[in-house]
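Okay, got some structures for you below.
What follows is a pair of complexes built around chain A, which joins chain B in one and chain C in the other.
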Partner chain A sequence: MTTAPTKPARSLTRAPDTGQAPARRKLRNSKQLLAIWLFLVPAAVLGLYFKFIPMVEGIRLSFFKVQPFLGDVFVGLDNYVSVLTDSRFMEALGHTVVLGVTQTLGALVVGFALALLLEGQARSLWILRTTIFLPVVTALAVVGEIWRILYFPTADGPLNSILGWLGLGPMQFLNGTDTALWSIAVVGIWSGAPYNMVIILAGLTGVDRSLYESAGVDGASIWQRLRYITLPALRPSLVIVLTLAAIRSLRSFTEVYVLTGGGPAGSTEVWMTRMYSLGFQRNDIGVASAAAVLLLVVTLLLTVGTQLLGKRKAAR
Partner chain B sequence: MDSKLKSRSRAALALSLASAALLTGCGSGSSAPAAKDDGQPIEVWARAGTDAATTYSALFKEFTAKTGVQVNFQGVPDLDQQLQTRAASKKLPDIVINDSAALGNYTSQGYLQKIDKSSVAGNDAIPDSLWKETQGLDGSTYGVPFSRQTMVTLIRKDWREKLGLPVPKTQEDLAKLAAAFATQDPDGNGQADTYGMTVPGSTERGYFGWWASSYLWQDGGAYLKDDGNGKYSASASGAQAGVTWIKQQFCTPGNTQPGALTAATSAATPFFQTGKTGIILTGPYNFSSFDASLGKDKYEVIETPKGSKDNTVLAEGENIYVTATNGKKDQTKQVIDFLVSPDGQKAGMTAGKQPIVRVPVNSGVDAAAVYNDPRWTVVQDALKNSSKSFPSAINFVPIKQAAAEALNKIASDCAADNVASGLKDLDTAINNELTSQNAKS
Partner chain C sequence: MTQTISRPKARAAKPSAGARFDTALGWSPRLGPNMVLRILLCVLVFCIFALPFVAIISGAFDRNSSPTDISLLPKSFTLRNFEAATQQGLWGYLLNSLVVAGGGLLLQMTVSVFAAYSLSRKKFRGQALVLLLVLLTMMLPEEIIGIPLSLVLGDLPLLGISLRGSVLAVILPVGIWGFSIFIMSEFMKEIPGEIEEAARLDGVGEFRMLFTIILPLCKPALGVIGIFGFMMVWDQYLLPLIAANDPSNYTLTVALSVLRNDTTVGPGVLLAGALMAMIPSLLVYLFLQRSMIRGITSGATKG
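And then the complex of A and B:
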């Protein structure tokens, strides 16, 4: 293992005579390769065991009626058919898309606004940024329980009392079929926006200050500076933020599970909660696996799509 | 990258894939594995949290002292998930103690061995009605009854007396009491922060369907009808009276706790525990925690109020299941004989903080006398005279789930006249499920 770090020094001193000993160089090369692979092995094995083998197994199970004890029975595409023809799955898909789009855009806009407000070096800003980042590092299950309390649907619930001061009636929030999904989206935005803020902040530091100054000299308004300097410079960060957020929202489970469990009247059921209840409450692992594979395919398409879009825009 | 490097990395990748395949032992069998005795102590699993597991451990300690048979006991809170893992490795624990309702699911997965009822010592001390609940769709016996209980109605006695109201005798009385608890400030703190009933109205794990079943039966309805010979058909359409009553509770502000439609028991029960609601329909396993948080004198266990038909309540319980991979015949018989004997049943009630035998299945044991607590008389009487259980031969979980989803939909839309149409949809869902289980008549 010690060959790798010492190697550059040796090759420097021996540089003059390497040409005369190609065989030895070959040996060294393969030693180096061996070292590279040795270093890779732990990560590769872990990845293989905990990511790729389960993934392949999941894909395999999606074609079977899963009975761990009696032995699995091959059913071809039956599981996929039952997912795609299940009206509850289709409803869940609708909710997932609504929730995903709202959360992604909301978290992006709020994160962008936060980044613009909190950019700078002052100590007070540093403290504020840390405070605002806290939701991201808090366990989602805890966040969910706290928001359940905040959303308490009577007039003396925390959020409802604030609404009461403004003269607005008590809202049902998580308990109403019309408001539950939006209430969950707000929680998602609240916990997702600070993450976006950090990525965008990093992007903002890369913007050339002199551009703002020259724009100021040319008499550009704040809005124009945002539109023509900040946003184009942030494109790479925004693509990352959008991709990550889209994937995250498709997979959203914990907040829904903790906040409403998919109710009331199935109005907040999303793809993942439906999958969970089929797989682990009804023990229908085959159909749940098929749903998981479909989610994987959609996520893949979405990711590649966003990347392509970002690339094409950048090329223009 | 030069071609040599490429081919080398390819070779390395292939090698690591191959070794991984070797390590995981790819390939799967396709028939149920046979039972065999591995010479280890008999392994017993039960669905149990920490408190219940302590009681089980004490119980089996007593058993080992008596018989010399070693028991390897595990209390597993998420029993069904863990069982699946063990099923995948084709080696189930020897004995599983779990809900009587699990029987249908377990038999359909091939987990269980048939049990010869006559080989169980003292089998005639267990009522025939309980033995009947351990029959699979084929009529064979697949479990041994171990413990039974019914749901009970608990009322905040101090609140009721403060408002000068009588013990509710009917569903109407109960609704009135709930409304009074919500509007007349029974805790006297000057704020409108109390509610009537605690209801787990969430669809999660079918809680709503589980809670509602008692009220449906009380008004003469039911989710499904037993047509005999292991065949069933949906009958939810006939449950309009009960469902209408339930919907009224949800649509009268304050009669149920806020957020009831998305509350599982873990979110709902604290409302009663912390003095926010005054009525709860729950199992007697909650006595000990309510005694600790509210005080024994603050609440009463009442005889279930009558609906338009009777005062049936849901009965549940645990069975002892012998798994298909169990090859320890003698030890298994000794464990079962002890668990259902008067000594075993008493130990299950008193050996630890939380009873694992609630109401004994052995008719020679009197719950109220063992607990020295008249509240258990209510449970015991209800069990004997006016209780009903979900059919256990079929996998009832999906049906409970469908019922919860349908009821949740009905109760969430107060403006709509949706009871009849919602129950018709439920009938379709239940019949589809029965068909897929080959249990539709």
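And then the complex of A and C:
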């Protein structure tokens, strides 16, 4: 409840009505004010209990060596030092960034290709667009389980048998230390690309058709048309969405946890799975909290940075 | 129907200019090598994005002892997978999921509508701070605050009760979602103030104002926060995982990892579970598809 400012506002800045007796208006105003705060109470209580108290608690724990029954011991920045010097955390950071960048860019490129292919008014295209959107609506855990089966690593596994028809050798996919991370990235692209397709399709409808026509008259190639007409029209709507997606990928957990759980041999360990196993399986809550705080700070800085850049661009 | 994804009104005024200029790549509507190529690519795309789902359905009703047995058409129809999944508690998990999704979504939408009403239709001191705090909640998803959240769920501060093992441990935390509050208040801001003033002169109170005047005008936004909220709740993984006391509290999505370990019947059991976990999202998507597309294209970000 205290998420609201402690000093209750005493008057409304602007009452919508004029020409009424001041006393009545005052009464109305204070009633309205009460209503305002009443409407905010549910959000404030839930936010306090399930967002802000955990946040503060997490920050506090990150400075303590947490020991059940023995009492917590203040250790200053020790937990942060152990996160930043832990080689497995640093490896996880690398995997997280590689995975995030690959998934975000891959989903952009594939989404763009899908949009170009499926742009149009025909009903058949509409049905196809609706169908290929399924991976986006399906829960990530379900997507992960589907792909675990598709990736079955024997030569007669579903995906491997398709590769076999094409004359490609059976792959280990999630079981190989070299292929596991890329296999996860493919799943991310598969479930993210149709989402981008929809954004890009909306952008494509905004492109002035007469530009295509004049480009056609001028004998521009398809590539030139894409490069000089289509892309510039799409850029503004895409940049922010993509940056936010990349930032969000820093905390991707479900797909990695379902697909590999961080294995084999830690080759797909990302920040979140490392944090999870430290905090929940090894009960090293202090260090895990420090890792969470670092993730929060990075996320906050990147998000605020993106928004500011976006605003400055929009203002220009 | 087509306007759900691309709006015809944005088309060039003269169709006689040739459909060749209707698309960025200039697909020709006439039968030719161009058209054949496009159809082939469409088939390929369909295979990549849709066939895995066909395989799930087929595998769920098929006898299979290993993932290598899965094919696009069931070789022998059987309900054995569902029987085995039932023994593993499939319907209990599904019930957990449905209760969590229903309750969570209802709570989330109510909270969002209330908060959005006071943030968008009123001006008050401290509004900027409240907005900032709402923004901050968006930076605090379950992943980031998972560890302290699990402690809080086990022992609510001040109240001293434990929510763990109850559906409330998932329903209450998903009730606050900044994204939904923002979508709603952006939409409410667009409603002209005259409507409200007129009603106020008639002596309409705040609750009636919200429910009989403002909300009916917000149907499109309700659709958007409805489908995005459903997907957000249905997609929860870490939260039900840390909120559970034992596996019987799991929601279906989390419980898939339990079904996965069935070694006696095979992967069909998992696929039966995956199918049940897909059906509700599929139905919601088909009914609210328009809202979904609207939400995405209006610059809404996922999550």
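Everything that follows uses one rule, which is that the second predicted complex is superposed on the first by the 238 of 316 C-alpha atoms of A that agree within 3 Å, B and C clash if a C-alpha of one lies under 4 Å from a C-alpha of the other, contacts with A are read in each partner's own complex, and residues count from 1 in each chain.
The rule we apply is simple: a contact is a pair of C-beta atoms (placed from the backbone, for glycine too) under 8 Å apart; a residue touches a chain by one contact, two chains touch by 3 or more.
Note that the structure is predicted; figures quoted are calculated from it, not measured.
When both complexes are overlaid on chain A, the residue A:256 reaches neither chain B nor chain C. If you count the residues of chain A touched by chain B and by chain C, you find the higher number for C.
Look at A:264: by the touch rule set out above, it reaches chain B but stays clear of chain C. Of the two partner chains, neither chain B nor chain C is touched by A:189.
By the touch criterion stated above, A:287 is placed in contact with neither chain B nor chain C. Looking at the shared chain after the overlay, A:130 reaches chain C, while chain B stays out of its contact range.
Of the two partner chains placed around the shared chain by superposition, chain B is the only one that A:72 touches, whereas chain C remains out of contact. Once the two complexes are laid over each other on the shared chain, residue contacts for A:49 go to chain B and to chain C alike.
Contact with neither chain B nor chain C is seen for A:92 once the two complexes are overlaid on the shared chain.
Of the two partner chains placed by superposition, A:108 touches none, neither chain B nor chain C. On chain A, the surface touched by chain B in one complex and the surface touched by chain C in the other have residues 33, 37, 49, 53, 148, 152, 154, 156-157, 280, 285 in common.
Chain A meets chain B in the complex at residues 33, 37, 41, 44-45, 48-49, 53, 67-72, 148, 152-154, 156-157, 174-177, 180, 259-267, 277, 280-283, 285.
Chain contact summary for the complex, chain A toward chain C: residues 3-5, 7, 9-10, 12-14, 16-17, 32-33, 35-37, 39-40, 42-43, 46-47, 49-55, 57-58, 61, 114, 116-123, 125-126, 128-135, 137-142, 145-150, 152, 154, 156-158, 161, 190, 194-195, 198-199, 201-202, 204-207, 209-210, 212-213, 216, 222, 225-226, 229-230, 237, 240-241, 244-245, 248, 251, 253-254, 257-258, 272, 275-276, 279-280, 285, 288-289, 292, 295-296, 299-300, 303. Those residues of chain C whose C-beta lies close enough to touch chain A in the complex are 1-2, 4-8, 10-12, 17-18, 20-27, 38, 41-42, 45-46, 48-50, 52-53, 55-56, 59, 66-68, 70, 110-112, 114-115, 117-119, 122-126, 129-130, 133-134, 136-137, 139-141, 143-152, 156-157, 172-173, 175-176, 181, 193, 196-197, 200-201, 206, 210, 231, 234-235, 237-238, 242, 253-254, 256-257, 260, 267, 270-271, 274, 277-278, 281-282, 284-285, 289, 292-293, 296-297, 299, 301-303. Of all residues in chain B, only 5, 8, 12, 16-17, 20, 24, 28-33, 80-81, 84, 87-88, 90, 92, 105, 109-111, 191, 193, 201-205, 258-262, 264, 267, 324, 397-398, 401, 405, 408-409, 412-413 touch chain A in the complex they form.
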